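Beneath this line is the structure, given in structure tokens, with notes to follow.
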Amino acid sequence: MDPFDLVIRGGTVVTASELFHADLGIRDGRIAAIGEELPAGREELDAHGLLVLPGGVDSHCHIEQLSAAGLVNADTFETATASAALGGTTTVIPFVAQHVGTSLAAAAEDYHRRAERGAIVDYALHLILADPRPEILKEELPPLVRAGHASLKVFLTYDRLKIDDEQLLDVLEAARTHGLMVCVHAENHGMIRWMGRRLVERGFTAPRYHVPSHPRIGEVEGIHRAIACAALLDQPIMIFHVSTAEGAAVIHRARGEGRKVWGETCTQYLTLTSADLDRPGIEGAKWICSPPLREPADQEALWWALEVGTLQCVSSDHAPYRMDETGKLAKGPNPSFKEIANGIPGLELRLPVLFDAMVSRGRLGLCRFVELTATAPAKIYGLHPKKGTIAPGSDADLALWDAERVVTIEDAPRTDRAGYTPYGGRTVKGWPRHVLLRGRPIVRDGKLEGTPGQGRFLPRQGGRAALPTGRPAPEFDPAQNFGARLW
Amino acid sequence: MDPFDLVIRGGTVVTASELFHADLGIRDGRIAAIGEELPAGREELDAHGLLVLPGGVDSHCHIEQLSAAGLVNADTFETATASAALGGTTTVIPFVAQHVGTSLAAAAEDYHRRAERGAIVDYALHLILADPRPEILKEELPPLVRAGHASLKVFLTYDRLKIDDEQLLDVLEAARTHGLMVCVHAENHGMIRWMGRRLVERGFTAPRYHVPSHPRIGEVEGIHRAIACAALLDQPIMIFHVSTAEGAAVIHRARGEGRKVWGETCTQYLTLTSADLDRPGIEGAKWICSPPLREPADQEALWWALEVGTLQCVSSDHAPYRMDETGKLAKGPNPSFKEIANGIPGLELRLPVLFDAMVSRGRLGLCRFVELTATAPAKIYGLHPKKGTIAPGSDADLALWDAERVVTIEDAPRTDRAGYTPYGGRTVKGWPRHVLLRGRPIVRDGKLEGTPGQGRFLPRQGGRAALPTGRPAPEFDPAQNFGARLW
Amino acid sequence: MDPFDLVIRGGTVVTASELFHADLGIRDGRIAAIGEELPAGREELDAHGLLVLPGGVDSHCHIEQLSAAGLVNADTFETATASAALGGTTTVIPFVAQHVGTSLAAAAEDYHRRAERGAIVDYALHLILADPRPEILKEELPPLVRAGHASLKVFLTYDRLKIDDEQLLDVLEAARTHGLMVCVHAENHGMIRWMGRRLVERGFTAPRYHVPSHPRIGEVEGIHRAIACAALLDQPIMIFHVSTAEGAAVIHRARGEGRKVWGETCTQYLTLTSADLDRPGIEGAKWICSPPLREPADQEALWWALEVGTLQCVSSDHAPYRMDETGKLAKGPNPSFKEIANGIPGLELRLPVLFDAMVSRGRLGLCRFVELTATAPAKIYGLHPKKGTIAPGSDADLALWDAERVVTIEDAPRTDRAGYTPYGGRTVKGWPRHVLLRGRPIVRDGKLEGTPGQGRFLPRQGGRAALPTGRPAPEFDPAQNFGARLW
Amino acid sequence: MDPFDLVIRGGTVVTASELFHADLGIRDGRIAAIGEELPAGREELDAHGLLVLPGGVDSHCHIEQLSAAGLVNADTFETATASAALGGTTTVIPFVAQHVGTSLAAAAEDYHRRAERGAIVDYALHLILADPRPEILKEELPPLVRAGHASLKVFLTYDRLKIDDEQLLDVLEAARTHGLMVCVHAENHGMIRWMGRRLVERGFTAPRYHVPSHPRIGEVEGIHRAIACAALLDQPIMIFHVSTAEGAAVIHRARGEGRKVWGETCTQYLTLTSADLDRPGIEGAKWICSPPLREPADQEALWWALEVGTLQCVSSDHAPYRMDETGKLAKGPNPSFKEIANGIPGLELRLPVLFDAMVSRGRLGLCRFVELTATAPAKIYGLHPKKGTIAPGSDADLALWDAERVVTIEDAPRTDRAGYTPYGGRTVKGWPRHVLLRGRPIVRDGKLEGTPGQGRFLPRQGGRAALPTGRPAPEFDPAQNFGARLW
């Protein structure tokens, strides 16, 4: 047997289920052995005193995405994935964004081309369906599934992205046919428009009015409706970025009633609040994202929802816009909150901020940290066991983590191109030292070594991730299901 | 003191709260006295052995209504109110139906004219808003409110009637401003369209497929969403024609959570089931209504919901269509269920069928019968105490009821012009003998004596019925309510 | 026809369902006629400007009751019913208190004798079963039912009164056999003992620690358990004195699930809070009752529970103890909260305090006030239509109420013998002027005219009040009910 | 580096989180390495075509347990653990059973002695507290905790075992002090006694009447009460053997409300039903256990509760009694169901029956099987990472499983001494071939090689398992917690 290409020596390995002291032997970019006192490799990396974590999987981030309004978010695949790597994340799932009237296949091709050129970490792509007309679902989608796409995203709000309930059912049916996961931005569009209109009419235009313009009950309603539609077809769905206690409660109850629903929250909903928007002038715009930041009591509820398994993963929803005319201020220097691009950067700091809040402050254990930020998203989206874990045969994507390092995050531009961070001034304990992608360091001692184009597309197999259990979803037939209580 | 115009002698009087033996003295069309051994009146009506009930209030019936598709339902105000009178109902609340792009005021004028000419019983009118554009809400609605309209109706489904959530919020806000009740047909439009499309594509076109084409969970969703929107403004709403156990459960839970929501069900959901549609050929079309008839377990749940007060009234949702090219078969002799007009007749038999099912069979007591079919709708819609009860000062609208009379309902045309009854063949115990409107018999010994045009419009006062308690709804102000949990 | 004995002229009559202007004609102690301009009576009572309400029915009050510990509460039937009359209450339902090892029949005889001698208003009696051994249920109870007793009370807490779950099931079965209502003091005994012990051990002995010694969750548990036991036999129960939002929520949910459960709260839980106990020294003892006073948010929840019908009546739970060695200080001048008798006076001020809080402050309407304080308790406990309403044939028990009179309640002894009132210092709007029992004034212009012994026992018929609807409860048979989901 | 003592070559390793092909290197009884193509060991075990699973952890089984009535169940530690080993289970957690009036310490010593002598697999012990009087909790418990006991068990039913709510709170407080898990048999004692009495009185004595004698709602009540008591102290609890859909729903809701509650079900509730008791004569006694077997719909609900994480582990509740005068027929040859010992054997067949039902039939995946039957119980009860997983440093407790082997379970005595199996006649797919304890085969090719006394006691550390997250439970202080909503 050949020697290992690399041995990571002396670290504390953490998976979603286990924590143990062991060396890792890496060969051909994959984990080949895990054990005590492994034989020497061609190379060695000292991990004494470090945690050896699976590289993070950020299953919800917007990269180089063109909005229907023509706005591109601040990052390119290169800058975004550089920031991901520096934060310990080795797999991202950004989006292919179809717009109304356009081709999904063409959009996919476009994003593939850009990702291929720029990505420093590996990636899959969710397909945003803004216009699920029959030819898209019947003709364009099947080849994309065969090419390795296994998840769709739809919006129930945003003027140019939202689909109606009948379209949602068409999407869910297509997903069921192909065994795809459907991710949903679930807020009530009418409430958001109505509140926005009323607030602006009355002169409440400062950034902080973004919060009431997305009413809490609009999240409740959106989640409830998405689940109801999915239940009609018994199709699993993922509720993206749950922000309120009540929203999490809807998911909890639905799961108890047999609904196949997953839930995600994001770093910002666990660590920031609506108070962050309440700043002089336009400054609060930096904290405008949708759904908006909520209250301290919501943070508690979301932490508990993670604890009992109502929510299963924590992503960044990275969506960077600069505080200038290319981004937040595209509609002028003093926009109303309705005119400010929604989104905040978070790819890089997702893991450090969560590690601190979750592990260093004792909320949840190390294994749960790994599960929520790497293993669970990898499993839910069909990337596991290649990604999201440390096991023989899995890709050697690793974050070697210094759990004791204390860092005060500067209130300054970071690697991504947002030009600011919403976490500026926060002191966190725990920081990644080295990051490996398929066995090769892309970050060493906190310095980027990865190169654009090094990241690879991760084809996924439709039909695998349909149920938590991997059971195939039963065939849907309106003629046969008449008797069912559901109808 | 002048003698009474009429004394109703020796009956058993029933109100929503009381049951007692007493004579009624009537003067000027109103109840003047209730007591034992009242002095003789100018006229006397013997009520020994009869129940003396308030005339029924049917708060949900479609009369002479023009659909957006140009179809008029089978009845005129004359025929419909004649059938109402014969069944013991002395007040009806049909609709003014606005269509998209048209004037609400003009529609109101039109319906007023027709009602004035034909009505044999008294009436108020709900205003259907299919197009709540600003000029309607700001310019046309206020004069209508001043003219005595106090309730609106909106549809969340039907292609030409449905409003979206933002429009619903506009309507709710207008209702809140004027203190109006908002009645909602709450089913999920997308689910109905989607299921209908799928069923027809697969050849499931018989009338009975109408049932699964309106999924149960679509009612759950519609009710939940309507309540969520109303909660955003803290505006009371009435959920029309609840048909499922789950739908009633949504209302029950919402009431427990502080939502100001009322619920209604209809005779047919308590006494018919989906099995009634399962007949050879097109015959089942006679039982097509929306929401569709459901299952026996739903009947039990709806009875219980009435018992504990989750639902507060039972109407007919009278919507008669003939089984010919003017009605059910307008799209041809062999239509798919999607092409068949939705609606069944029920104004006349509402009270006899309910009396039998509710009182004669021992489900609920006499007082609850009166409450559910007369007093509660009168109170909720602002007609009480003029209508819906027997009390000094109230209109002498009375149904003298023979609780022992057993009638087998013929499977034949009745007074309305539907040409059939969905209750044919049913044997019921309890039947009205005499019916009085404002102290004058309109039905005597089961024969119609009322005349078209005798019925009067009942102006109502906006702002009165807004809360169960009569409390004024608090002022709504998006700027002031930021802190509220709801936002 | 003879003239009326008395005509009450010109008032505004209020019932649970109606409000109208009319005269009342009274003959032989009963309402004989209600109408406009009734002919003159032998006597006349001017009610212009007054509300004419049914006399209050206080369905939960402790009078001259001997505790197992030998303590008698402060009132006699004479003093207690005098205070009731002065407050507008004309019917009371105090208790026959059986103690462990003693005869229920003998206790009943004793209380009957004392009530007969002293009562100024009419009364029924709940039978407290502290020892439901077979001979009590099989031999003593049936003759008591035949003698007109139709309601039982049990305690789930208090060392000498509590029954265990098996005993509760025996009581529920006996109640089902005879068609009796079962009232339950539903708090978790173990939690109360455990908390009391822990608090006292740690030196937390001041009156205010009574509140945490009855944990909120102990009420939730007790109510849930009582409902579960009753559900096993499908036997209706009444939950006495609900004090918390969560407790009301348990009842609301249970009613939605088909449980036949009623709920009551008391004046003090709607108008006082735990802050009232927080006074220097032993003073807070005056506000010690069980369950304890709770928080402002609970008041809001309880008001809402009344509004939607989750709770149906408001009683006083009058249980007066003097602040001396005969009552609150029986265990010494400086007792721990565990040693202080539980209970506060409230018979007299129940209606004035509630009228103010409910009607004058606009929470609920006049009809609801009548329903909650008179009609509903009369119906639930089988006293209606004789009591609790104004209708031909009903007893002429009336409270003529001055809705405009503003009274500041003195912080001084009142008619009852508690020697203090927990409502001292409160200013209320609305006060009874005259009170009639069976057509004869017992209070005139606020002065007592009634005489001890004038009050009569109200025999009730078992088997009538079993269900809200008056439906007979179905036969219970463990052999037949095996298939039922409940088992 | 020394060679491995043993290499398990070529198998498919399964953990709660991962599934991969790898060799296992074992040294000193522990896993030393996991990897592809490990170097040769001193010994090799061929695992090609086999699954390599962590040995099962059966966290709820009664072994050689003396009942308060003097009845010993059929097994000794030797026979019970032999059967465990043959079924793939390498860790058991039976009980130390204290009886009323006896010493817990003495009981512990006794069970230790017997386990030491007989056990073939490793074991921890739950401490049953039937008499938690102060000296037990204050004096006897602390040394036992220091000696490695970390879990308590209490019964809410059974005449000689049940504790009341105040005692339960004492136990919960002690558990909180020491960081122990509290396991609860949660059924309502009064309901069981009452139903049993009624059934026997009416002559319903056959075994099948055991089912209704433990009403479903009694489980709901017991679980709700146990959770309420635990919530009072914010102390985690484990609900043992959930048998009904409603019981699981109570846990689901409680978890959503922030309660720290875990749940377990057992093989029999997932795979047998009440129909199994419905056999001629006394035969059904073989299926009498408590709670009783329930209905097919409950099985579905329990599977779903496992799927969404409401329940976390599946045990056997092994409690074997022979069908003779030493066991089921101790009260005579023809006992009523009340006289029949409660319990069925299940240690051996737990894993094969569950593997078939769960994995072979496609309900849940292999990883979930491992999690539910080994990893989760090990974690919850503080045995992980030593037990319950396959990871470097963990004990090499392994079950090498032939997933393709089809076995029809004979209706005949098995290794345990129950003399029968409730699973006789069932055909299952999947069977253990070899079983290793700390690296040494105790079963090879289906033949027992382990020896009595080989099993070791597993001391656990109190205070570790208190919360799902490992967070320390906050200090409990009745004086400080007054403001908390819970009180």
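For the reader, a short list of remarks on this structure follows.
Lettered A, B, C and D in written order, each chain numbered from 1.
The rule we apply is simple: a contact is a pair of C-beta atoms (placed from the backbone, for glycine too) under 8 Å apart; a residue touches a chain by one contact, two chains touch by 3 or more.
None of these values were measured; they are calculated from a predicted model.
Think of each touching pair as a link: the shortest run of links from subunit B to subunit D has 2 of them.
Annotation: 58 Å between the Cα-based centres of subunit A and subunit C.
Annotation: 49 Å between the Cα-based centres of subunit A and subunit B.
Subunit A and subunit D, compared by their mean Cα positions, are separated by 38 Å.
Listed for subunit B are no residues, as none touches two or more other chains.
The touch graph of the protein chains shown is a ring with every node of degree two. Touching chain pairs in this entry, ordered by label, are A-B, A-D, B-C, C-D. By the touch criterion given at the top, residues 1, 13, 15-22, 25, 27, 32-39, 249, 252-253, 255-256, 258, 304, 307-310, 362-365, 368, 371, 375, 385, 389, 391-394, 468-471 of subunit C touch subunit B in their complex.
Contacts from subunit D toward subunit C in the complex involve residues 164-170, 188-191, 193-195, 198-199, 202, 204, 211-212, 215-218, 220-221, 224-225, 228-229, 231-232, 478-479, 481-482, 485-487.
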